[in-house]
Amino acid sequence: MHDTSDQAAVHHHAPPKGFLWTHVFSLDHKVIGKQYYFLSLAAVVIGMVLSWIMRFHLAWAAAAIPGLQHLSQVGAPGGIITPEYYLSLLTLHGTLMVFFVLTTAPQAGFGNYFLPIQIGAEDMAFPRLNMLSFWVTFVGFVTLVSTLFISDGPPISGWTAYAPLSALGNDAGPGLGRGQILWVISIGIFCIGSLLGALNFIATTLDLRCKGMTLARMPYTVWAWFITAVLGLLAFAVLLPACVLLVLDHVGGTSFFIPGGLVLSDKLQPHSGGSTLLWQHMFWFFGHPEVYIAIIPGIGITSHILASTARKPLLGGSRVLVGCMVAIAFLSFTVWGHHMFISGMNPFSSLLFSVPTLIITIPASIISLNWIATVFGARLRFHTPGLFAIGFISVFVTGGLSGFFLAQPSLDIYLHATYFVVGHFHMVMGVAAIFGMFAGTYFWFPKMFGRMMNETMGKIHFWVTFIGVYCIFMPMHYIGLAGNVRRYSAFVDDYLIPLIPVHKFITIAAFVTGAAQLLFLFNLFWSMYRGKKAEENPWDSTTLEWTIPSPPPFDNFGGRHPIVYHDPYELGVEGAKGDYVMQDSPEKLAQS
Amino acid sequence: MSESTSHDLSKAGMGWFLKIWGVLLFLTAIEVFLAYEDLPLHIMLILLMGISIIKAALILAYFMHLRYERSTLAWTLLPAMVFVLVMMVVFFPDSVRIERLGEFLH
Amino acid sequence: MSESDITLKSGRADWLGGELPYAIPSKKLGMWLFIVSDSITFGAVLVCYAYLRLASPNWPTPFRLSSIVNGAIMTFVLLSSSVTMVAAVEAAKHGRIAASVRWLSATMLGGVVFDILHIREWLGLIHEGLRLYQNPWGSSLFGAAFFTLTGLHMTHVTVGVIYLGIVAIGFRRGKFTSDDVEISGLYWHFVDLVWMFVFPLVYLLSARMH
Amino acid sequence: MRSGYFTALAVAVLLGSGMLVFAKPPAGSGSITGKVTYTGTPPKMKPIDMSKEPSCAKQHATPVMTQNVTTGPGNALQWVVVYISAGDEGSSAPSQGARYDQKGCEYLPHVLPMQVAQQLQIYNDDQTSHNIHPLSKTNPEWNKSQPPGSPPIDTKYDKAEFIPVKCNIHPWMHGYFAVLNTSHYAVSGEDGSFDIKGLPPGKYTVTAWQEQYPAQSQEVTISGSEAKTANFVFKVLPY
Amino acid sequence: MGKFFAIVLTVITLVSASIFAMHIWWMPVDISVHGPALDKQFGETLMGTGFGFLVAQLSLAYFLWKFADKGDGRKVREFPGGPKVTIITAVVLVGLEILALSFVGQKAWASVNLDPAPPNAMHIDVQAEQFAFYFRYAGPDGQFGAVHPEKISDGNGNYFGLDPENDIPARDDIVVGSLTIPVNQPILLTIHSKDVGHSFYVRELRIQQDFVPGIVIPVHFTATQTGKFEIVCTQLCGLGHYNMKAYLEVLPQDQFDQWLKAQAGQ
């Protein structure tokens, strides 16, 4: 038996002094969490601007974008986007969004800030490692963005970097030489950062819980971050060597992913013997768990906020939610082949992969049904974070249902690589996860910055975004059904030309929705300085982060060691002060 | 905290470790011997991998003291690792296909 | 507030948080997690190697008896260094700092000898014409897989030697505890463990028969 | 500072005028004319299927043929670059640039001769994107796209080389940049004839280069304003 | 706010679903023998997921309408039946759907990818390159010449790297840039790539298959209608990906024979 206070004492470190140590190389998980958050914010802004440029080009392919030639003279001569520059932007958009936004903000950002607080710890288990993970991730980010400014531009091989396109260098197309090498190095660095982060999250969750914080009493978010960390620890370990091998194919002349006898630009390539399917396997072996790395924190955050919004714990409580998340995490390692149904993989494997892919919809359906059933009989408070949490449910259900089509190899024959897939994953992994981030931002902003975000702007932001994403991504399903192929920089096929008006509609919707995001950015920075001062517990929530001042002191609990007496969501409790009981309140509950 | 592991460790002792060392060396010798037996590849692979797994298990259990930790440690870490590694076996049907589907080329 | 006062809604009071579920220090848990992750990394590279070997009809088996013997000696050195590592941990746990540092030094020496033997082996093969991208015997991927796998392992050994050096110095100066020695030991044994797979799969399965 | 600028300017002006005086090749009036022909059976040129690019396909009433061995009546061989490979060093590049067009998904001309350091302008006259990918070996290789409506690509080469040019988007598009050290060159026409003009008296090596067959050379000496003849015969194979 | 949310959500749901139901943008008419099975499966999946979509979104909307906090101190209520109901619903409904879909789907998938091509299938060799498809017919001798990557040249039209000088079967191979096939005749394509990954996608044929560099993949189908269709590339293959296409022309048998003869004579 160990004494909690001893344990806490081991991790105690003194508040640092000086700007460099308090804001840049801080060991404080709260500062690191914010650093991750703002890194993601930078990435999401770049990614969003790239998507606007792409959307504009798709709708009006021949039109010049004034000023774009200053960003890249080669990529956009006279402001008109070249096909390869479109693909460069596409690659950068995908990579930034998947790695530096979806993987970073909800997990490393919010997780870093709130996981220790929610389990009643003073900091992460390894504060130095924590700082290192952030700075490693930062280097990865800078490396990736730097590809925009090198002469031959970012790679054009998409965020999946399918070999041999990604392995053959400039003979395969512009940007595939230095740009691709930088891309692979960036992703490799990102893997290292994520692995270190995951390790830290797991150790923190297991070892640093305060007295009374049993596994069953951990908030939904903590569970989600913990499960995501486990996924990250196992999945990024596979992508890392894949990146190393791909770099070797570039700089070492090896042929891991390059078969023999390839002729590019009239040049017979010197490589031989490799396998392109090997890269796809390695990538998707990581890539599918990655999808859940992106969405599970969102599921956690949504559940956490939904409970507070609905004034009742989730139907089925932690047990069902955690069970489903664990099931999803487990199954996520068995389904990667559904990205490769028509990739030339052994057709028997496709049948094998379709079964767990369909089965994984069961836990996802249970979670969704439980959310909807939680809204039943609730006392909903429609504040902005609550709206985003409910919006998350809607888009998650919508996006998830189209997964039923793509999970079946025989339907994938028609739908693979069409906008149906684009609509599906943007809805379920992009929009849903970003709704989770918005919900988290509005919900935790008072705790992180000590001020409330403006509700009016928040509500305008929500309504425009919610309606906007449906206007953007539902039509993508329709044109996908009509066979609109993805990753095309212009639509020149006879049957695609009639679909261009739909693309124009999507583009306009994207610009309107994008404008709402600018409002959000304004709200974020305006509220940081001008927002209403936040109280300790503005949302009448129950978990430990609401028992401490906003913003929290350096060691979170001001030297106090919280003791937890209750389940995390004692909301809607009869007879309690307000209608809730804080997790660390010694008050006894009537057994209901 | 530190005593938790050290008192467990004392159960083993150096003599025991030297014995493990001897066993590991012996198993290595068997492997080297097997390498020069003209066995079919799959049998060779099974034998070598089998011995290697035994060696790894010995290192894990004794040198890395996993045997003397709470059993939950082994029961959570190892299945996760083994599960992920075993799933990668699903790559192999494609590996064999590459050789088979080579008509016209090369 | 005594523990019995804490009302558990579920009625189960078996475990109450604020305790280490594995009863090991967080740092040690961290090392174990790193080992899990790193073994998957090694596993993935080994799977790649096996995959490409199965896909290549002309995979060479070029290792002469001298290479195999050299590999066996390397295995012996690495296994022995594991034993010295265990001795270092034992000494550290019993507070015999000087002895522990001596054993750690012996372990590092083992690592260095392993590296030297390995580099000698590499140089010999390079002299015979083995390159990352070609070799005189067969599939060009042989060199790629060989250098990647053994290079990755050699990097781990080298990092391990440096790590042990830092731990030894820190331990002697009282900056590190016996736990840190034990954790560095975990890493070292893991490097040893990986070699138990690399040696048979890379060397023994590619031994020249005649 | 200011005086530094002034000096630099003065030097530049002096050097410039000096180059105008000395570097200009002495204008001659000798010429070499001739005809390029082939012996043997030439390979059949293949029709190009441009159906994937309808905007180009409809510009051609009959299918465009491959141009690697373009023959004409009387065993004439077209697209052979005849140039002075020795005896005419040191001529500077003309101020007028060479123009290369992409029209109807073809390169016009198929072989474009130019001088080292001469400006090269590449135009896209089609309603579709092209990418220009000169597969140079001694010069730096580049690969740029040119969407319709974008400005012409302006570039030049610093070393003599015969550079295959390719459009990846339309893989049948294939042409050559003949970057030469001389200002005296010609490309054989449909009838195989060529005409190199303005040669000062001297001893020259005349080389004929064809994209698929080995190059040939002849020695020609010109005195006064002589008009000499040099014929080239390429041996061709059906495959 | 709850009522407004409910209305917005209902409108979004109904509009989204009815656009699907109205088939405004839809798959083109199928022209393959195996296609109807896929279309049927698609329809069944759409019915199932459409039902799920409507029920989930509309009940969410209804609950949002009904259960806003009015500050009246109303008690929160559990969902009747608790989590058991949702879990059982999910397991049973989704499970049934999965079982149904798996069984139907396996047959459809097998007919495309697992069954070998019928022995009387006409063999056409397909090579993809950046950024075009080229098709090869065996010619009168019924044999394909070998592919020699080092002989591939776009400049002289030797897209397949044939060696007619030394390889007699290669001399009469017909290489064209559009795929022409006879109707109602099983076709076997062997698809391989010259450079990077590409994909062979014909919407009307319900066929999509990647070209994998280094291996040759068999694809078989039978077209049931004549006409001209587009073959497009769906696997990101580089800058000209968007412009990588070819035409598929399905001709009556006699016209096809004529066409082939004309090609062979050229």
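Going by the order they are written in, the chains are A, B, C, D and E; count residues from 1 in each one.
By our rule, a residue touches a chain if its C-beta (ideal position, glycine included) is under 8 Å from a C-beta of that chain, and two chains touch if they have at least 3 such contacts.
No experiment lies behind these values; they were computed from the predicted model shown.
Any chain that touches chain D and also touches chain E is listed here: A.
Of the two chain pairs examined here, B-C and A-E, it is A-E that is joined by more C-beta pairs in contact.
Nearest to the common centre of all protein CA atoms is the CA centroid of chain A.
Averaging Cα atoms per chain gives one point for each, and the point farthest from that of chain A is the centre of D. The distance from the centre of chain A to the centre of chain E, with each centre set as the mean of the Cα atoms, comes to 29 Å.
The geometric centre of chain A is 33 Å away from that of chain C, both derived from CA atoms. One inter-chain figure worth recording: chain A and chain D are separated by 54 Å, centre to centre, where each centre is the mean of the chain's CA atoms. For the pair chain B and chain E, the distance between C-alpha centroids works out to 43 Å. Within chain C, residues 21-23, 33, 36, 40, 44, 51-52, 55-56 each touch two or more of the remaining chains. Along chain D, residues 128-129, 131, 145, 164, 166, 168-169 each make contact with two or more other chains. Looking at chain E, one finds that residues 129-130, 147, 149, 153-155, 214-215, 217, 238-240, 243, 245 touch two or more other chains.
Applying the touch definition to every pair of chains gives A-B, A-C, A-D, A-E, B-C, B-E, D-E. Residues 125, 144, 146-147, 149, 190, 192, 214-217 of chain E are the ones touching chain B in the complex. Taken in their complex, chain A has these residues touching chain E: 82-84, 87, 156-158, 162, 164-165, 168, 172-174, 258-266, 268, 274-277, 310-312, 315-317, 320, 342-344, 347-348, 350-351, 354-355, 358-359, 361-362, 365-366, 368-370, 372-382, 387, 390, 393-394, 397-398, 401-402, 404-405, 408-411, 413-414, 416-418, 463, 466-467, 470, 474, 477-479, 481-483, 485-495, 499, 502, 571-572, 574. Chain C contributes residues 1, 5-10, 12, 15-23, 26-27, 29-30, 33-34, 36-38, 40-41, 44-45, 48, 51-52, 55-56, 131-133, 139-141, 143-144, 148, 152 to its touches with chain A in the complex. Listed in rising order, the residues of chain E touching chain D in the complex are 129-132, 153-157, 159, 163-165, 175-178, 238-240, 243-247, 266.
Considering their complex, residues 43, 45-53, 66, 68-69, 128-129, 131, 145, 164, 166, 168-172, 174, 211-212, 237, 239 of chain D touch chain E.
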